[in-house]
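The structures considered in this document are given below.
After this come two complexes, each holding subunit A, first together with subunit B and then together with subunit C.
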Partner chain A sequence: MTNNNYDAIIIGGGHNGLVAAAYLARAGKKVVVLERRHMVGGATITEEIIPGFKFTEFSYVVSLLRPEIIRDLKLPQHGLKILPLPSTFTPMDNGDYIAGWDDHDTTRREIYRHSPKDAEAYDEYGRRMARLAKAIKPILGMLPPDPTSLSPKDLMGLLKLGQFASTLTEKELYGLSKIMTQSAADMLEEWFETDALLGTKSASGIIGTFLGPRSPSTAYVLLHHYMGEIDGAFRAWGFAKGGTGGIAESIASSARAFGAEIRLNATVKQVIVKGGRAVGVALENGDEIYAKAVLSSADPFVTFLKLVDQKYLPDDLTHSIKKFRTRGSSGKVNIALSELPKFTALPDSNVLHRGAVSISPSIDYIERAYDDAKYGRFAKEPYVDMIFPSMIDPDMAPPGKHVMSCFVQYAPYDIEGGWDDTKREAFGEAVISTIERYAPNIRRAIIGKQVLTPLDIESISGITGGNIFHGELLLHQLFFMRPATKWSGFRTPIKGYYLAGSGAHPGGGIMGSPGKFAAELALKDGI
Partner chain B sequence: MEKLRYTPFHERTSALCQPQNWRRWAGYFVVGSYELTIDREYWAIRNAAALIDVTPLMKYMIKGKDAANLLHRVTTRDIHKMSVGQVYYTGWCDDEGKLIDDGTVARMDETTFRLTAAEPNIRWLMMNAVGLDVEISEVSDSVASLSLQGPNSRVVLNRVCESDLDGLKYFRLIKNKLGGVEVTISRTGYTGDLGYEIWMDAKDAIKVWDVLMEAGQDYGITPVGILALDMARVEAGLFMLDVDYTSSGHAWIESQKSSPFELGLDWTVALDKPGYFVGRKALEKEKHEGSAWKMVGIEIDWVGMEQLYAEVGLPPQIPGTAIRASMPILVGNVQVGYASTASWSPLLKKYIALAHLQKPYYELGTDVRMEITVEHQRKHAPAKVVKLPFYEPEWKKK
Partner chain C sequence: MKTYDTIIIGAGHNGLVAAAYLAKQGKKVLVLERRDIVGGQVVTESFGDDFTVDSLHAGGTLRPDIVKHLNLASHGLVVDSVRKPFISLQADSNHLVFDVDPAKTVESIKRYSEKDAANWIPFLDFMKKATQFIETANATIMPRLPKGFNLSEGMALAELGLDLRMMGGKDMMRIVRGIPMTADEFVDEWFESDVVKAAIASLGIHGLTLGVYGAGTGYTLMHNWSNRGGLSHVSVQGGIGKITEALASAVKSLGGEIRTGAEVERIQVDMYTCKGVVLKSGEEISAKNIISAADPKHTFLTLVGAMNLPPEFVWNVQSIKMRGSVAKVHLLTDGKHGIPDGTVVVAPSIKYLEQAYDAAKYHQISEKPYLEVTTSGNVVSIHFQFAAYALNSGVQELAPASATASRRTSELWNEKRNLVEKIAIDTLAEYFPNLKSSIVNRKSLTPLDLEQTYGLTEGDLNHGQIMLDQFMFMRPIPGWSNHKTPIDNLYLCGSGVHGGGGVSGTAGRNVMKVLK
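Our next item is the complex of A and B:
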């Protein structure tokens, strides 16, 4: 007989929920994580969909996982290893390619082949972005101050932000103001002239958004993704041993070691509110579990509109959450391979397969892909970001065989006529034939595949709209506006009820910060 | 797939490089040292003729009606005063008067210049060339270069050149034929000794190498790697980008940047030249107000250092190569600067360093102390600010 009284209940066993649980357990609290599925991880999972082949199903790379979380939760002792992704390779339509390697000289030479000016601009651009990212990155590590508030805490926070910005030169401050409003395309075209370089760089500006590289405000998204790169060799884009599921497993193991309990196949139906305070949850199986605090790592839509009765919430909040942009725009195609795809641009080398391969020959190519999505169709020629997990971690596939992870944009959640099996199949086919243009042997190498539309992502992971970031990383949905103005501080209008997922500041990506912040706040509130 | 490059001399240099001591230089492999110890290589620079592969230098050809105007605008020198066949050493700055890079400008003819640089600069040049009638092309890979340095370098070249070099003055350049191959030869180098740099089409590289090695056989010609060169350049008081200063384009923070004045390049900043040049305003201001820092030479007092080692029962332990590390420099117990490269000078029998000191400690004769590590303990060896270069033989400019 389980005792159903806890200090804290965590709804959702994704990486943020697990981080929150681990921090609370570490502080000596009695914690239970309630996970709807048979496994932990949420959108951070690895599954053996085809026997012997491990698919890193949704999220597939990591760069922002906060180092203090890795240290505090002793994740390396629980199996976390983040392996390098040393290159980005973009095949071009003329049969050539452009690549960025993990070495400055070879990257310079490579870009130089296409444009000597771009080779130099690449260095300068990298430094500029890194300096800007460095100036604003501390924001990720602090609670977002509200600029309209006159409370000392918010004013101090704003002052701190001002100090970060003061490390920038006048030129850089102008640059920063531009980045806050520009499109990724406009910003990048100020620096570069090579189409495939522009295309590949611009892709960072649209990932996880329902925007094209020519949409204003995508320059900021690009900078946001840059923050994972600024610590140089210490932290960069990487692939976790065992896939992203390996990250979730290590956090779960750490949480358990601190004493947290994790219940699988435990779907929460509703948060129980008594006297304006969250006191527990009711499960779909009828069980009730009680606690001093409830932390929801589900997305804002689920957290505010599904799990609690709206009578407890102010109208403006429910209105904002209804309008929160969380439409999924990307799909995933995971493939088991009998052999590696051979890229015609570099047929004799397997070196490029250790890094990312990007189908992004130009900004226009991606913008056209967006055009399809804008009007309710999946992109016939999509942007694809591929990695070969088995080339980085040999345990991901049987010896001699491989797995391939393809992140595909665009695939709109609200596709014309709705998603069905035929459309899913056609979407998968569009991805395969796009890759086939650059690697003709791909089709015969396929042993099996898994095609995931935003609808599938929603139904498997439970994220509304299938948006892997729990809401697009747009400027008007970040900082003190994430997920809604006045409610960016993890607390909710219901006492003891906290938002602890990627829909909270500082946002999505395998970062762990929302879970950590929410846990710390709950502790501060004296649960 | 792009890889690090071999220079056009690789076939020869790789066969001679005994310790397989390769270094990276601007995307190329170059020899660190050819022999198991570098003493002979160092002494070849100072006593005979050292043959050094310096191909990785960045090289740009700047041609056109406005070529001189562009360089006049970008660099701190008065390019309009330059005659054909002359070579200038120069730095170039950003708008704030902070150094981006340094190198040489050679006037090949009225409207053609060759610029050498440590790092890529084509974007900077092109940004400054807007509206000018000038064509900029990079020839870093297509032009190979060898440096022949040392007191015997002239006699070796005279044996194989069509026209002799007796009349070629310091920092001048001539077109010549070497073993039948068309080359340009400039009386320049990075050693502070008599020396020449030979510029040739990359396809002629091996031929020129072979001709020189044969001609120099009786004159002590020795292939020399960049480790020995590093010692010689410290003796000559010559600094190096990314070692002794940071390009303003690379600096993370303001304090990492340096002005030409701070690096002792006052003589290259032609504030009296007509018209605008990049950084002029800031440089004028700094000239007027004085520099906060200066790069100077310091000489570590051997006797004082010997005592620090003697306290633990050791003779002084100095590495046989130049040390590229930041070593704090103090006056009293206050840090007033740092040394960026230190080296034992086998010729002077002195331990010397290039140091960056705050005002007013950079004045000649100032007594300072440099941090050294004696048997894992931090100690401070007495040192003195001295005039640069540390070593300048009378034949350098003769």
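Our next item is the complex of A and C:
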């Protein structure tokens, strides 16, 4: 069967693929999204793994989704509703806890309880981080120029970058330089002294990377997570109604409303290239679909090394993509609960269950968890970030019952001896016994669980290495070097073939920018 | 009270280079050195009969243009141009040898990987370009960004950018990408054999408190390669101290004055201007300008004093990461140690190097350390990493700056000195069984000795870790990368400023360009 009618084919129905499709359809183009699974969403899905219990299987919170995308695609009309996560609660080894709230003054009072010095530092820290996040935002919204090129377009890009730099104060510029290069631990230890506060804050610096909080350049990852924005309010984290799958559903609904077609169970085998141009794709089932352009929202490894023949790509690009760091370092444990866990630190209150609970008693705790992973073992005592979606959205579990979503780091993709069922079970057990230390009733409350290793993340979502960002946010994998130097501009050496996933600038998280950028460029190229 | 044009604090190589250049301009200069000998880190000392060692650095060269400008050859400096091999020890005694002759290196690498052997020459070519770039970058004074930008400073930076572009897009990008990489990733771009990769990657952590998985060690690999001009050290005939002896001789012959045993207690500051210095002896000496070759932490927090500086500046200085973790173990032997001539490393695998660093991360001494060994006649000198300056006793950590903490540090280090010696000798003896019986005498220097004897805060050889957030225009602290300080006529010229770190003398020379 052949079909020649499309303007664009989008490979992958994750949030970026759907955003790209919606923008193209909105511009009047005829688009088809090809998704290999039976549902849209990619790593942004909600699935009923245990009857009655809906798991936010992979990604579980949102804050980076760009407001202009929400507006342009009219996502609220398509069911997008983001409910704020009001707090982060960190139980401590001495039986106490430290909490952070969405309100600065409440947080400050809470920190003061532990350290007046930290409370005082927190004011200035908050102001400075907000300034830095605001300062760097325009870069995320900028198409990275190629600094080696002397073409007018790139020179203009560099000039723009220079102009942008000159709008920053000296302090901001140095602040940015420092935060791009420092370790999260070094940055935070300049400000704070309370172990559990340091541990919890440093955790934002390691999410999705195969690095410890003491590794240089993790401060940037921290800032990346600080840039969250819901309704224009900085650094608010939220939970989507219906789980993150609700986000994908709303984008899909918007795309369909603009006229895009979405085909499920349609696995792309190869991109068809003719005369140096991408003209369509061949599916696993033998079908061929033709279009003027192909946008891949798969990760760079799949996009460049699996879907196209190497002969169309320059050697140094192939080399760079092979070396592109996409080591999965995290796993997920999703649990169906008969009752909420009771935390010894705050046994009589359920208020903390509306927010995140973070097992991060100190920086060294997380660093030691990383040590396990860097030598090929999962962390025996991991960093765990958990939320209770059923507390925010009651539809997620049967009445009176709950679901719990645990993001766990570290679990290396390349575990010694390879992942198997025994190791997966042991990994899940390590997570539960870690939580049990702070909430002893957890074990008896478990109705069922789903343990996902990076290998599982890879095999289910298709992301190489199971890396949630499609490639780590390392300095040499950012901006004009993401995913490879000279090819950071969403275009590829094959005309009409675009990278539209998180492996492109500005990177991972439920942001939608790569999909939007790629669609805009494809439109500009006149598809 | 005597008055000078310029007082230079510290007679290490950078202080002496600055003094010589100033004296050459006809300035009246005085160098003050707290020890009884000149040299700082670049020193050859005797610890007994026949036991003369290059205490801290096994080799190094000043930049050739400095040697020429100051006519150091006429002051007795002979640079030993004969480079010796770099040898990575292997358990089977079939060591990996990076010979001076690239063809021989290729042969040696072949045992591990044909592909790596084929990549050696292209890698050398690339490193040559990286070296050129780093040397140019080091010779460029880093301006303040961006408001205090004056045109002449900006031009230098623009030239640097142009230099980088002239290399062609591919190499330029490779260098730029290499800077934030880990040493592991950096070597992984070229090589596949773990043995080959580890040998080269060891250069990325040498002298540093980071492991090969630490971002930015790609840069330090290039930095150390550029300082050495390759993997192995270039040794100096008669000991590395000949470099500073020649410099001191040049200073004197140009009319400069050097006083040893003259420890500066503080710099006299009034309203952001310094008038002179006060010595430990109580003597006061005044000068128009003061240049400190001491590390920035010591300079600002001890010599100037926090109350004479803006609070935010003090905060930034306090945040400079020093974190020394290098110890030295010198052995006098009967000559039958069996260790080959050259720069010999214990760096068997990437994982081994990273594990050695883990000890430092948790304030401990590595039980399986990364070692770099050099021999000179009967003397064996071992560079030991990692042994954390701030040792953890298991008791709750105190702020390192406090008096209690430093007392505790010295108690701990007195207990652990023998442990470092034992680990170093045991590790090396696994490769050279005759070593133990050959030892006649020993002298070790702990990170604490590095601080107390050589004046290096926290035992940091580089006057501040060479990390991404402490290099180029962020060295020693953001906003003050141009040798200037908040004190109007006080300047820095030590390894703690951009251009420093290594024996090149660049920092000592660069300060001339900004001096009033």
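Rule of thumb we're sticking to: the second predicted complex is superposed on the first by the 489 of 527 C-alpha atoms of A that agree within 3 Å, B and C clash if a C-alpha of one lies under 4 Å from a C-alpha of the other, contacts with A are read in each partner's own complex, and residues count from 1 in each chain.
To be clear about the criterion, a residue touches a chain if its C-beta (ideal position, glycine included) is under 8 Å from a C-beta of that chain, and two chains touch if they have at least 3 such contacts.
This structure is a prediction, so every number in the text was calculated from the model and none was measured.
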| item | value |
| --- | --- |
| Partner chain in contact with A:Lys524 - subunit B first, subunit C second, else both or neither | neither |
| First (subunit B), second (subunit C), both or neither touched by A:Trp101 | first |
| Partner chain(s) touched by A:His38 [first = subunit B, second = subunit C, both, neither] | neither |
| First, second, both or neither for A:Glu110, with subunit B first and subunit C second | first |
| Touched partner set for A:Lys311, first subunit B, second subunit C, both or neither | neither |
| Overlap of the subunit B and subunit C footprints on subunit A, listed as residue numbers | none |
| Interface residues, subunit C side, partner subunit A - complex | 144-148, 165, 169-170, 172-173, 176-181, 185, 188-189, 210, 213-216, 315, 319, 321, 351, 354-355, 358, 361-362, 467-469, 473-474, 478-479 |
| Of subunit B, residues touching subunit A in the complex | 1-5, 24, 26-27, 120-124, 126, 138, 249-250, 252-253 |
| Subunit B contact footprint on subunit A (complex, rising order) | 99, 101, 105-110, 113, 116-117, 119-121, 123-124, 127, 131, 167, 346, 349, 351-352 |
| Footprint of subunit C on subunit A - complex, ascending | 147-149, 165-166, 168-170, 173-175, 177-178, 180-182, 186, 190, 211, 214-217, 316, 323, 325, 364, 367, 371, 374-375, 474-476, 481, 485-486 |
